[in-house]
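In this document, chain identifiers A, B, C, D and E correspond to the written order of the chains, with residue numbering beginning at 1 in each.
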Amino acid sequence: MKKKLIALGVLVVVVAVAVIFLATGRGGSDTIKIGVIMSTSGPVSHFGTQCRDAIQLAVDEINARGGVLGKQVQLIVEDDEKNPEKTMNALVKLATKDKVRVVLGALTSDCTLAITQEAQRRGILLFTPTSTNDAVTDAGDLIFRSCFKDSFQGQVMAQFAIENLNATKAAVLYDMNNDYSTGLTKSFEETFVALGGTVVATESYAGGDKDFNAQITKIKAADPDVLFLPDYYNTVSLIINQARNQGLDAIMLGPDGWDELVGQAGEEAVGNYFCNHYSPDADDEDVQEFVRKYRERYGITPNALAALGYDAAYIVLEAIERAGTDDPQVLKEALMETNKKYVTGHITFDESHNPVKSTTILKVVQGPDGRLTTEYVGMVDPE
Amino acid sequence: MTVLKTENLSIQFGGLMAVANLNLDVKKGELIGLIGPNGAGKTTVFNMLTGVYKPTAGRILVQDRTGQLQDISRLHPYQITALGMARTFQNIRLFKNLTVLDNVRIGNHLNVKYNSVTGIFRLPGYYREQKRIDEECRALLKIFEIEHKSDELAKNLPYGEQRKLEIVRALATKPHILLLDEPAAGMNPQETLELMDLIKYIRERFDLTIILIEHDMKLVMGICERIVVLNYGRTIACGTPAEVAHDPLVIKAYLGKELENGA
Amino acid sequence: MLKVEKLDVYYGNIRALHEVSFEVKQGEIVTLIGANGAGKTTVLHAISGLVPARSGSIRFLDQELTALAPHKIVQLGLAHVPEGRRIFANLTVKENLEMGAYTRKDAKAVKADYEQVFTRFPRLKERLNQMAGTLSGGEQQMLAIGRTLMSRPKLVLMDEPSMGLAPLLVSEIFEIIKEINAAGTTILLVEQNAQMALSIADRAYVLETGRVVLQGEAQALANSEEVRKAYLGG
Amino acid sequence: MAFLQQLCQQTLNGLSLGSIYALLALGYTMVYGVVKLINFAHGDILMVGAFVGYFVLKKWGITPVNLMLSFLPAMLFCMILGVLIEKVCYKPLRNQPRINALITAIGVSFFLENGARVLPFIGPNPRVFPTLPVVNYRLFGINISQVQILIFIVAIGLMLILNYIINHTKTGKAMQAVSFDKGAAALMGINVDRIISFTFALGSSLGAAAGILFASAYPQIEPYMGIMPGMKAFIAAVFGGIGSIPGAMLGGIILGVAETLTKGFLSSQLADAIAFGLLILILVVKPSGLLGKPMGEKV
Amino acid sequence: MSKKTNTIASALIVALFLILLNLLVWFRVIGEYTSQVLTIAGINAIIALGLNLISGFTGQLALGHAGFMAVGAYTTAALLMKVNLPMALAVLGGALMSALFGFLIGLPTLRLRGDYLAIVTLGFGEIIRVLMINLPELTGGPAGLKGIPTYTTNFAWRPVIPFALVYLALTLVVVLLNNLLNSSHGAAIVSIREDEIAANAMGVNVFYYKLFAFTLSAFIGGLGGALYAPFFGYLSPNMFNFQKSVEFLIIVVLGGMGNLTGTVVAGIGLTYLQEILRFLKDYRLVIYPVILIIVMLFQPSGIMGLFGNKEFSLTRLVSKMLGEKPLGGEESSDKAGEVQ
């Protein structure tokens, strides 16, 4: 009986705390509320937390300078666990409980795709920093993003492989559970074949896998000139490591997900290429400023998703300032007028609300101090 | 008329011959006792008869509902029950968390005349049939004087009543052969006496052939017409209670050989 | 040596024992007899701590057992040969014996005890490294007893040692029980083979539906009409 | 020839992956043997072990000797953690339906993963596990790396030690006795609770070792890293016949090889589906797993 | 006679309650966020009821119910998008397809016992998920399938219609399951859980009833998924992973194995709890399992164990209120809406 009372007591306390939090969670009208939906727990939480932290950093900076339209900006962050259902719940909560009109998020394309239609219907401006799936901005005129589309990067790298590296045979190793990876694979393969190359091997793994030896052995047998690895740096560093251990000598290519690779991989990564809009090692002043501030506050080097989040916050808040309101119908026009250099490059928006920004192709090299770094190879502008 | 017949029925577990060459010929309406020391293979015989174990050799023939003898040695337990042979268990196997009435209703399950769709949607006929089942089950419980406990959970019944409930449940399958595995175990002498009467009564009332395993010799000797004695899986004696009780092999098996010297 | 008083045991709501009281004195063989389901095994389980007593007391060498865990009870010198033998079929004969000596720290004496068990059960020595599960029924029973002896018990509880054994083996086992007793170990024997049990016991208690209904000298009970009736229905 | 070479290479890859699965599967199977619980939190023990190894190696610096030494603190830490989890979360439920302990185990698993995620010194970001410089050996055209050699040595070594503990020590034999028949074991004077704790300790320390091996082979660690190998090892344990120790070893190795060969020669997209399909097929044909004993019910 | 009136009275109460609840949603007394969460909660409860049928009532542990949900959801989506079937038929089709899967999976595997069955169902759940990922024409691959036609395009009706449909379906599932379990066939199913050998000896075709329960369980799981697809409008294979299956199992165990009321209460309560805990931010998923463990440790028989594991019965309540003698627990029309 006593045990039951204790258990009951714990539950009561939890609920009571919940109620108190909910009651005090309301902000005043002298603030501008921005909703954020991020995967801060679950399998991609390391990306989600960095992106969220970067957004928070941007907002704090803006608030320190006096905020937007003379008001302080208040962020209301909801976790989606990388679960489309939770993403939807978060969106509806932000829209109806917190009466937010602008939402930054979500992190991954599946979560974002789950809510684009709903956001459009509710008249909420949804700005995703990181969802690259081509279809994300199809849902309507209130959906924006600040990252590349899958198809763009796939095309760029396929083109680069054929034109600059004279490759004829390509292989792809991708994460079949991840739409970012499958989307890039599709566009890379299509472009590569269209330009006269052959895809000699397409292998996959399931997100979370750590062992790729089987696929690499198979790819090695197909003897490709280039190997396209459309995934984030953490997985890619494992793949490159295992590939080089097996003696696979194909040149490896990757998308912007590789950006922190130089911090994770060993020297076996040297000589590979990827396209990026951001590199923490870039000489660019804005980039260095951002990296410094982020490091100062959170103690780690921000990755590309953090940079994208940081930019997204700035783009949206500056547009609000320009529009003089956070009314999505007005704000969307202001956003279309964006034309400025941010951490991840100079950004304007095309008519379908995708950013028009050039991508840089970088080569992984060993720096003079022995550490890995990147070398600028060329710039590709969107058509 | 033979209703149950086994021909050289044998079963082997690992290297152990648990039952060897058992030949039974049970006539309609008989009440047969199957006795023998612990581990003699009595329950194993029941398990083969009811399809729980598949015999390694031999045949089992049982009269089905049409009166034909049918080989059942390869049938599943539920099919054998459907033919009209039901049983109770040595270590009571009631549906403990269900009510007494539900236990009996499950026994009655084979006689339910509506299908599951009717049950789900409570189509016409459901209530009528449900009422009939209910009445039949309660009537059976009444015979064993546990009707007033219909709505109690089976696990809350005292031991003796649990044994009775097992018999009621088996009767609900409407068998013509009933196998009782130690029906009086755990009962006091008074209860055992009552049980003897009940067993005799239901045999008449439901026109049953009964085989029972029992340790309580009072009960076995008191009601059985014929007794089969097993030891180490072999039949060592078969006959009337009086014959068996004086069979030296049986006395030796049962009371130990010391008795030979003593008696 | 062992004194059980007004022991009540319940399984769920079912009362298995009704105020069972009995006593075992140093050096005796005492037997509990009765039909299946009478509660004999339950008594032994309650003494060894395998089932909890609802009320009553069990005192062994002036120590109350009812609140002790089974492994503590073994350490007091009370061992139990369970019904159905329950040897560890996945271990070898030797390892089974080792388990019997689990609580003991005196390696030398244990070694000596192995030898003693082997002299008593030469067949176990032959099958020392065989998996216990492959032994015959009689050998398993011997192993079960031998295993128990390895703990150097002062009192052994034996549950149906004759079960499922051929007559020749049964008498062999009973001889061994007598020998063990003669060597100074007290024995509480539960047996359905009443005559056999009474023939070696000093005293006996008859259980019926969880109650002690009869008690007395084994010899007297063996010749009593009541016991004969209870078993043969005569 | 090339095919044969590739087959050998893939098999070798599979063996090293399978060895890790086997180590982890042992934890599942031993715990299942004594308490009939599928300890869902076992995969997360691997994660904890890897993190302990990480912090230790960060402090000591990575050398071959330190790498070997790092197993000790990791195994010790997880040993304590495993016993603690058992005492707090599973023991009170031992007399409840098994499904309850299963749910608790899932709860513990969530707690460990998310707890590690919010701990300030761990956090969600993946970290690079310190590794020794890669050395590759070539034999008949087949690559073998020194990490793979390390995996084989440690896995085989630990399995030999485990084998010794289980078959040649009193406690190990008591463990077998308890898993066979708790009541009879108690009658021998075996403290069943202590043996169960011992089993958790043993299983968890093997899990920790698997964690360091896993992290050395795939040098990246994060709070959710245990889910996937945990799931695979669990399947391996069932595959081999849950409760059977040699079964777990065999199951782990076979699963590793089968997985690698499927990815290498059939389809990497459907590898998991094929692995599961194979498992189901085997269970349908042999319901108690490869080396498991059929559980008959006494009537 | 009075039994009949009680049943009618309870049916009326249920109907009134559902209407009232929907009015509350319509007038936004129950906000959109709440109704959104409650709709998902209702669907979770439906699927958990299906799982409870096979695991709680039949005693066969199944760990792959997210797979059935996926089959139901994708089939409905495909029927709506590729075949242009009317909504009602598409939902029914989804549930039936899932039942077919259940039948085909159960046929070879239901002879397995306990943990082995659990792992086999887990395996099938994963196989279904992997297949979904590899059928992009049908499922949109890992990026998911968007643009599934919703129940209504009228914005004002959007929170109301799915809510009403889901709770209507939940009520039906509860009532019909309750009917089944109180019929002789239901008793046969439960007898398998209690003692398979005895059930067999009583003439219960154990395998047939296991398969029946498993197929019906898959049907209900598929129904949940089928209702989900047009409500949510978006599906991705990773939504139906092992963790989702575990979520259903947690609902069943926490509610009490073999208790319909408990499943409904826990299904709605747990789904809601996860949302309530949002204020905990990053710590939410640390606290949630702690609550889970505490409940298991201190209330192992589930929440309905607090009430002696009895089913909530509206008819009993009604007859009590009318001052009649209780009729016993036979007729129990459990109602879902009561709970939140």
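Just a few scattered comments:
Going forward, contacts are C-beta pairs under 8 Å (C-beta built on N, C-alpha and C of every residue); 3 or more make two chains touch, one makes a residue touch a chain.
Just so it is clear, the structure is predicted and the values come from calculations on it, not from any experiment.
Shared contact partners of chain A and chain C, listed by label, are D. Chain centre most remote from that of chain D: B (centre = mean of CA atoms).
In terms of the distance between Cα centroids, chain E is separated most widely from C. Looking at C-D alongside B-E, one finds more C-beta pairs in contact between the chains of B-E. A separation of 32 Å divides the Cα centre of chain B from that of chain C.
Centroid to centroid, with C-alpha atoms defining each point, chain A and chain B lie 72 Å apart.
Centroids built from CA atoms put chain D at 49 Å from chain B.
Centres computed as Cα averages put chain D at a distance of 34 Å from chain E.
In chain D, the residues that reach two or more other chains under the touch definition are 114, 117, 269, 272, 299. Annotation for chain E: residues touching 2 or more other chains are 130, 133-134, 197, 282, 285, 297. Among the residues of chain A, those touching two or more other chains are numbered 40-42, 49, 176, 206. Here chain B touches chain E in the complex through residues 50-52, 76-78, 81-82, 86-87, 89, 93-98, 102, 105-110, 112, 114-116, 118-122, 126, 130, 133, 151, 169-170, 172-173, going by the rule given at the top.
Touching chain A in their complex are the following residues of chain E: 31-33, 36-37, 40, 130, 133-134, 136, 141-144, 146-147, 155, 158, 232-234, 236-239, 275-279, 281-282, 284-285, 287, 291, 294-295, 297-299.
Residue ranges on chain D touching chain A, taken from their complex, read 2, 6, 9-10, 13-14, 17, 114, 117, 123-126, 128, 134, 136, 143, 145, 214, 217-220, 222-225, 227-229, 259-265, 268-269, 271-272.
Considering their complex, residues 40-43, 45-46, 48-50, 176, 203-206, 208-211, 213-215, 217-218, 221, 234, 237-238, 241, 244-247, 264, 266, 268, 300 of chain A touch chain D. Across the complex, chain E is touched by residues 3-4, 6-7, 10-11, 14-15, 17-18, 21-22, 25, 40-42, 49, 77-79, 81, 83-85, 88-90, 92-93, 95-97, 109-110, 113-114, 116-118, 121, 133, 135, 139, 176-179, 181-183, 206 of chain A.
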